[in-house]
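Next come two complexes, and both contain subunit A; in the first it sits with subunit B, in the second with subunit C.
After this line comes the complex of A and B, so read on.
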């Protein structure tokens, strides 16, 4: 249905679909992305085992690096941009993040509260002995 | 060689499933022999089984749902009879059989009746309403349908080979774990849902893409018919929620097959995590079903009131609000699990809030009817019946959203009455309304109104007589899933409910009669114009049944209620001489057996997994994978309908319409 794909008013790209870039530009984009991803991965491994930084800050640093890693993947490999041709992709990403936040956050909260109405375990054992 | 499978899997000592299975098998064989002898097999293969036409696939979804409705309904009849006679006695169903029946009833009604019915209607109607020629991924669509059928087949296979789960429709652990359910019942349950779940996810992705990416000229978001909006919301929920179900069941299967401890009592497993995860899918699932239902009512109420939908934008807003909030309420299914007041209060309040957009919708339908010229055809009867019924179900829902009240009513018959109230009164009534409403579009002739009304009234009254007593016995302390009981106060209500079930059965029989009678009188009931109800959206702008390409030209949409505007325009112009449009070649996707073959191998694989026949698992897996590799390497995936053929088909439709408009002009 070739005529169908050309008839939209607002032209909108699917993830992975490229605009009219030359091959060289596209390869450059992927190489930069790969370089950044490797750099972030290497930094994570380095930080985890080093004494150079204050120890309690290591988990925070790892989380920051992980989020940066996700960003690199989204921008260079999945081609999520802020351009007007990308509205659907950005909205899909936002919806996905919202649902993951609700389900994971909700689950952690619920599971942490499950035993709230139970007496502490030692008290429980004393009661029944 | 055959894993756990041997002759003991056939329940020779239990006459009920054996006879039922035998009758069904004989029926299937008879149909198959008839098809082969009459020479319909090539037609069936080329026109239906391998079809990638969204209208055909939609019709097959609805057929599957209707057949499974009979199966799930039979389970319901058996349960009502059992509870009517099992007062101070064992009734006629032994406990292990009764437990399988209520588990199968719930599983079938949700996954293989409500889901395929709703998805079938969306498939059939949404591309037509959007004014396009097909869905985004036609072959994937066919794969989705056939995988759903695989799931249904496996569930029914459990009737005669082995057993079904005895755990309730969500298979809560630890009961569903290997130590308490060592048989194949839970495996039948889990694998059929895993396979049909893939089908549902695929359908969801397909429909989301269709609504977002394929719309005709001028059909921007705020001109889409309401049903397209609810389809979008519902399928967004499918895409977001079904992976949770798949992951949860996968963990349960890992527990059962490979000795993991996700949900076991011992070795650090956490049973509560299963409840949490399954309801994180389960509550959105409720809205996956009911949102398209709301869309159907919107279309029907607006058409039969001859008015645009009241508050269209507030309806869109309410739909999308429900879409998001439905992911914030799942804990209300397990208030009693032990969470503290903070958690219970927040989720209780969220559950009450979600009733607000639903209420907005009810008012919108009422105001749509207000001042309209209402025609009480059968689809409209179902819609008005829904409004009356659903309000009661919604109010009892708000009641059990209050945690202290829920502590009293949890797991009681009150709850059973509540969710049947919303699922039958909401989803099933909508399925029937949509069936009556769009049947002429799909098959080219209307359904018999008289039998339709008989069916409606018996179902409507039958529903009330069956389920209001269940509210009452719930208040009297009866818990759900009881195989027998000794409390005298419950007995009369159980008898009333059984009588209601009789009325419901008559309702179903009346609807079957309706279809048979209508097929016989199809010439008298023929819909020649493509617009039998004086419709407002684009599906009525093409002939009934629509040609395979739906529209010879993409309609140009200038506002809401696209087709209504076109008709007004045509009348004002005293029907125009079409300025002889240039017909063009149309490319359509080729039919493909991919879906059917994939599902065949998926069935083999599912069956083998259930019975631990490992060589067959590999065979099925490799076969399914090979099928899609073959499909991916195809050379020709489209064929061309020449312009002359398009013109010939379209001229017939134009002539019919011309006579309609000139007649209307004369009046």
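After this line comes the complex of A and C, so read on.
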């Protein structure tokens, strides 16, 4: 038994693995995660359909709420935390996020500029005929 | 005595920097498997980010067809979201039950997860069938192509997840909580939670942002 505990101190945590081992604490973690996620989801759906807030702020609020909820899922469901045994998992996640932001941000940026620089098609055809 | 020494050492050097040379052997199989699967999940998320980027670029290109706000039904999306959230929770309960080797709670948690996943798939299938029947299939406009490929790709992942879930139940039934079965269960839980994270992006970007515009 003490050998088992020893092993856990020695090695890194696998993704999805938790540090504490009592069943009650683990269930509590999932309950807290579910509560936070439901709260954020309800806020998202409420904000999307309401007239109570300044309309131009809605897209930004939705994106912020979505990122917050992804964070809640990562911490409470996938157990990716900043703990010392989680370094490898967090570094892999950071690299994945870098690629995601490059792909999405780069695409939106470039395509928005392409649309701006391209005249409408009929005008384009008139220019070259 | 040696235990206290280890704990004290771990506190002095939480990242095990000074101990790399002392333990040159490979990590246990459980950690290697789960880490490899985590890297696969991240590559899957990168693939989804391409679909998200395509949707963001094409969401305005309706070619005279319907806009997002005309075809999305918030109530269905809310039900789908709650189904996936609850299924993520019950999947967590099932993995705790697998760790403590409790068959009853494992089967119950997995069965509820399966039912919630199937409800999600049924609602999504009905939405797709309804859109196609109204003539708003994926070939109608660039916006609908991007919509069907992003949401459909997530739906395919959920379908694969449900099949995997049933396989895990069968394996536990036939082989019990063996070490290899528990490793697969761990990967399945990671997969299911990752799908829920992607769905958060889908309902926020596609349905709420696209529906409001």
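The criterion applied here is as follows: the second predicted complex is superposed on the first by the 101 of 129 C-alpha atoms of A that agree within 3 Å, B and C clash if a C-alpha of one lies under 4 Å from a C-alpha of the other, contacts with A are read in each partner's own complex, and residues count from 1 in each chain.
Everything that follows uses one rule, which is that a residue touches a chain if its C-beta (ideal position, glycine included) is under 8 Å from a C-beta of that chain, and two chains touch if they have at least 3 such contacts.
A quick note: this is a predicted structure, and the numbers were derived from the prediction, not measured.
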item	value
Which of subunit B and subunit C A:48 touches, first, second, both or neither	second
Touched partner set for A:107, first subunit B, second subunit C, both or neither	both
Which superposed partner A:26 touches (first subunit B, second subunit C, both, neither)	second
Which of subunit B and subunit C A:84 touches, first, second, both or neither	second
Greater residue coverage of subunit A in the superposed arrangement, subunit B or subunit C	C
Contacts of A:126 with subunit B and subunit C, given as first, second, both or neither	neither
Contacts of A:70 with subunit B and subunit C, given as first, second, both or neither	second
Partner chain in contact with A:116 - subunit B first, subunit C second, else both or neither	first
Which superposed partner A:95 touches (first subunit B, second subunit C, both, neither)	both
Overlap of the subunit B and subunit C footprints on subunit A, listed as residue numbers	2, 7, 9, 12, 88, 95-96, 99, 103, 107, 111
Complex interface listing, subunit A residues touching subunit B	1-4, 7-9, 12, 88, 95-96, 98-99, 102-103, 106-107, 109-111, 113-118
Subunit B - residues contacting subunit A, complex	132-134, 212-218, 220, 236, 240, 244, 270, 272-273, 276-277, 280, 324, 327-328, 330-331, 337-340, 342-343, 554, 584, 587-589, 638
Residues of subunit A touching subunit C in the complex	2, 5-7, 9-17, 23, 26-27, 30-31, 33-34, 37-38, 41, 44-45, 48-49, 58-59, 62-63, 65-66, 69-70, 73-74, 77-78, 84, 87-89, 92-93, 95-96, 99-100, 103-104, 107-108, 111
Complex contacts: residues of subunit C adjacent to subunit A	3, 6-7, 10, 14-16, 23, 27-28, 30-31, 33-35, 37-39, 42-43, 45-46, 49-50, 52-54, 56-57, 74, 78, 81-82, 85-86, 88-89, 92-93, 95-96, 100, 186, 189-190, 193-194, 196-197, 200-201, 203-205, 208-209, 211-212
